[in-house]
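Naming follows writing order (A, B, C and D), and every chain is counted from residue 1.
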């Protein structure tokens, strides 16, 4: 196998490898769609004292399969006087773009499809295509509601992209790299308290708000506000074209959550079974108060395991922590969606330009100042202010 | 030459938040509404003509179908108007009056829950809407136990009520949430201790909700009076006017309750707060009714002739329904059929406010305003 | 939103969102779902529930209570009750040719039940009244009787046949009739109406011996042949009931054969004649008050 | 009511069964009476409707005074007798915007025209309705009736 692989030309290797990765990403995206959609429906049901889908599979958890089948079989309804090329292409542009996000996200140690050194810029770049998707579908539908939704969507996404990138810059400054795997490594070196969640709490909150707006999710789902514009930019879509919009929405949601987990929660890093065993050993030992054979043995075993851990176990743990953190954010987004009302378009713009953008700029300044302080006065005797900094993870040693 | 044109959008008749088949023609300059005109009549079934060919009792089920979200109050209006026509000939037993008030106030709670829930959903919060339906179902369960139907009761009769309250529906004052769909006390306690605090924290206190409703759809009090607004819309504009106090029908003058009012230039949030407070006051009236009813058993149907033939005369009877002043102009020519029935519906009158309230606000505010004046299309179109 | 208000507003908003999120989280975790799995389980209806109006049978005599007086037709606000009758030439009493309720228009207002002076109508508990074919929403007398068997009782009318002391809308309780009893096994659907002597086919447990009938109803002015009526009519109508003629495709297996049906009808009428007179004498006693 | 009695001595003033005041005026005085009521504080228009007495129409404009201190507040019903066909009266929708829809409905149902109404169209019935004015007593509904349901099996 290895010999066969090595016998191939580098071009063929790149093609096969790329094709394999693309397939994996597609499958992973669809899987995420199914899970996220079910989670949304079940979470909304639980919040609203309902049970949600109940018939397909155990307690209805296989509902996405009949749903997708149904949407495949449904009729494509096309209104008269639509701009057909735009109308047909629009959903698929978004679908491709939401899958592209997964290219650069490290889902395990070294497990990243394309380790781009401009990772975050790449994300910001492909997000721009979502605006195009929304505007194409809204304009192509020949519907006033769609047009209004498209206008809103374009305005909203363009303004929040700025804020989004600004909120990430703090993280970039701290990690010193745009590459996502570098950011994860930097966080791994700092330990859980040093994950950028706490040092960059302002940036994190702004990222949270701005990514909700970027994803068109409540309370910022203005471009598909179902109580004002019937369904916004995808009012006229039906059948599988509509399903592609739904796919886009949920894959996007998971993608942005994955970015959030990578940037602020340390990505795939997290305690492994060795760390857990060491913790149990320490507990048995009473943290050195009454050392005994069992505890020490466990700690020894843990140290051994940590050193000898194979790449597969590392990947499993990395993937588990990555998925866990990602879905933490997915849960948060859904929880917010089913709690808060929708804002109005002028309030959305006010919030974006007049509040979030200044605060994110302030965050950049603050980060710069603190970083300067932390490097300049390195090794100065500790006083109260520096203790706070250290607690917040600014001071790594 | 290029020029900008206003966008004419037809909201409705099939639109998610027009509460039925209302058509709102809206002209938009960008997102801002410059002109708004409602178009009604999609649900028109000529209720008033129909009543002229029915006998007096036969009209009562049709009055249910006007405001299907608060039918008891409309039954009350018609039944009391007919009793007014009879004058001294028909006396309603006291217990029947108390049960009428009890059901009317329960219905007001249910109707207001629908109103606030759908307004929250218009503003984009779906979960409060489902909570409102969860709690409203409990009022329906209670009414179903009394009247036999969940929605269109046909329970009031000219001269009394069809039947007395069933056994054990009043409950004891200690009943909690587990009995909230079985006993009145259970419901009232659940409502006061759980539902209202939840609404206050989840929606009323929410800043996004306040941003969306404060300063939106402002209505001056003199405008409210001139435009014929009534009910929570009028009180939301700061006019302390409630027909239960100012023209007490039934036995409303025996109860202690307050009339909540909004500020002078009332916005959607004021109307919201008025509805919230009115629900609390309704629960207060229900408690007073329950105390009286538990102690005083008796007849619920007065003596009425078999064929109801009121003497010649005209009457205009007004009742404070959930959505405002319901009026019934009833003309009798001495025959068993009413000569004329005119149904003055509050929602129909409130729709006149839409061209006044909407211009200058965003299209998203149109649905908020519509939610805050709380229309039921069955009543608008009759 | 001035600068002074800048962070204050953010703080207030954040606080209110946290409160809201707390509430939804508590609802999600601590409160069970209130869903009723509808087709599998149905919500319980209260005792006075108003479903479809049905005709009751007096289980003591086994005869239906309706006298085709027409009060329900007058009371109905939406004219859904069809009552066609003719006068019996010998007894001068009304005999129903057809009694049907068009459930596509009925608004379940309960007025027919209140108007009925003989306590013959009852509001059943059935509320799933959808039919694929709207024609099937017309419930003929036999359907109403069949479905009303569940709500019929073995109580007698009061002295002189006046209506019961309990108001008609007070529910009399379910009998032991099961779903099996009220099924349309005999093909009543679409059958021409039967005369006053008609007795639905009762299960044995609803029947009472003739002596018991005489004992429990001493006040009723019965002719000596009254027990004969009760006993003979089931045997008489039995061939009619089991006859599959005129049975719909939905209700029974056989295709309609008009000739047979006509023959059957004439035979039925001819046979019923003598009994009918006896029977109407009894009802005349009731109506005389 | 005193102020009406003083200003319009010819008008017939009576009371409804429940104590509301009714005042029957001529068509020419209608607007003046309404203005007098508005000046006296009766600015709230409850309802505008009409009654078809088979020989004449009676237009009713029902006005009310919103005074929070007042208990047992009574309406004033201003009534005008009008011919059954071609009736027209001045509109009060400009004075009292709350009468706007009610006047449109009265036109819709009884065919009374309101001169000077800002938006004089049908309201409940379709704009292209040709069938007449439904609440007139001699109105005949020419639309096809819904047939009664009959079971065909039964007919066999």
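The rule is simple: contacts are C-beta pairs under 8 Å (C-beta built on N, C-alpha and C of every residue); 3 or more make two chains touch, one makes a residue touch a chain.
The shown structure was predicted, so the numbers you read here are calculated from the model rather than taken from an experiment.
Asker: If you tally C-beta pairs in contact for every chain pair, which pair wins? Let me know.
Answerer: Here the largest contact count links B-D.
Asker: With centres defined from CA atoms, tell me which chain sits nearest the overall protein centre.
Answerer: Measuring from the global C-alpha mean, the nearest chain centre belongs to B.
Asker: Roughly how far is chain A from chain B, centre to centre by C-alpha average, rounded to an integer in Å?
Answerer: Measuring from centre to centre gives 47 Å for this pair.
Asker: Measuring centre to centre with CA averages, how many angstrom lie between chain C and chain D?
Answerer: Each chain reduced to its C-alpha mean, chain C and chain D end up 45 Å apart.
Asker: Can you check how far apart chain A and chain D are, centre to centre, with Cα atoms defining each centre and the answer in Å?
Answerer: Taking the average C-alpha coordinate of chain A and of chain D, the gap between them is 64 Å.
Asker: Roughly how many whole angstrom separate the Cα centroids of chain B and chain C?
Answerer: So the centroids are 35 Å from each other.
Asker: Give the residues of chain B that touch two or more other chains, as numbers and ranges in rising order.
Answerer: Touching at least two other chains: 127, 131, 134, 202-203, 206, 208.
Asker: Touching at least two other chains at once: which residues of chain C meet that condition?
Answerer: Touching at least two other chains: 17, 20, 23-24, 27, 34.
Asker: So which bits of chain D are touching at least two other chains?
Answerer: Residues: none.
Asker: Under the definition above, what is the set of chain C residues touching chain B in their complex?
Answerer: So the residues of chain C touching chain B come out as 9, 12-13, 16-17, 19-20, 23-24, 27, 34, 45-50, 75, 77, 107-111, 114, 123, 167, 169-170.
Asker: Once bound in the complex, which stretches of chain B touch chain D?
Answerer: Counting only chain B, the residues touching chain D are 40-41, 44, 46, 48-49, 84-85, 87, 222, 225-229, 234, 239-241, 245-248, 313-318, 325, 327, 329, 331, 339-340, 342, 344, 348-349, 351-352, 356, 381-382.
Asker: If we count contacts the way the header does, which residues on chain C are in touch with chain A in the complex?
Answerer: Checking each residue of chain C against chain A gives 1, 6, 10, 17, 20-21, 23-25, 27-29, 31-35, 37.
Asker: Quick check: in the complex, which residue numbers of chain A touch chain C?
Answerer: Residues 43, 45-51, 54, 335-336, 338-340, 350, 354-355.
Asker: Under the touch definition given earlier, write down the residues of chain D that touch chain B in their complex.
Answerer: 16-18, 20, 22, 43-47, 49, 51-52, 60, 62, 66, 68, 70-75, 77, 96-102, 105, 109, 122-126, 134-135, 139
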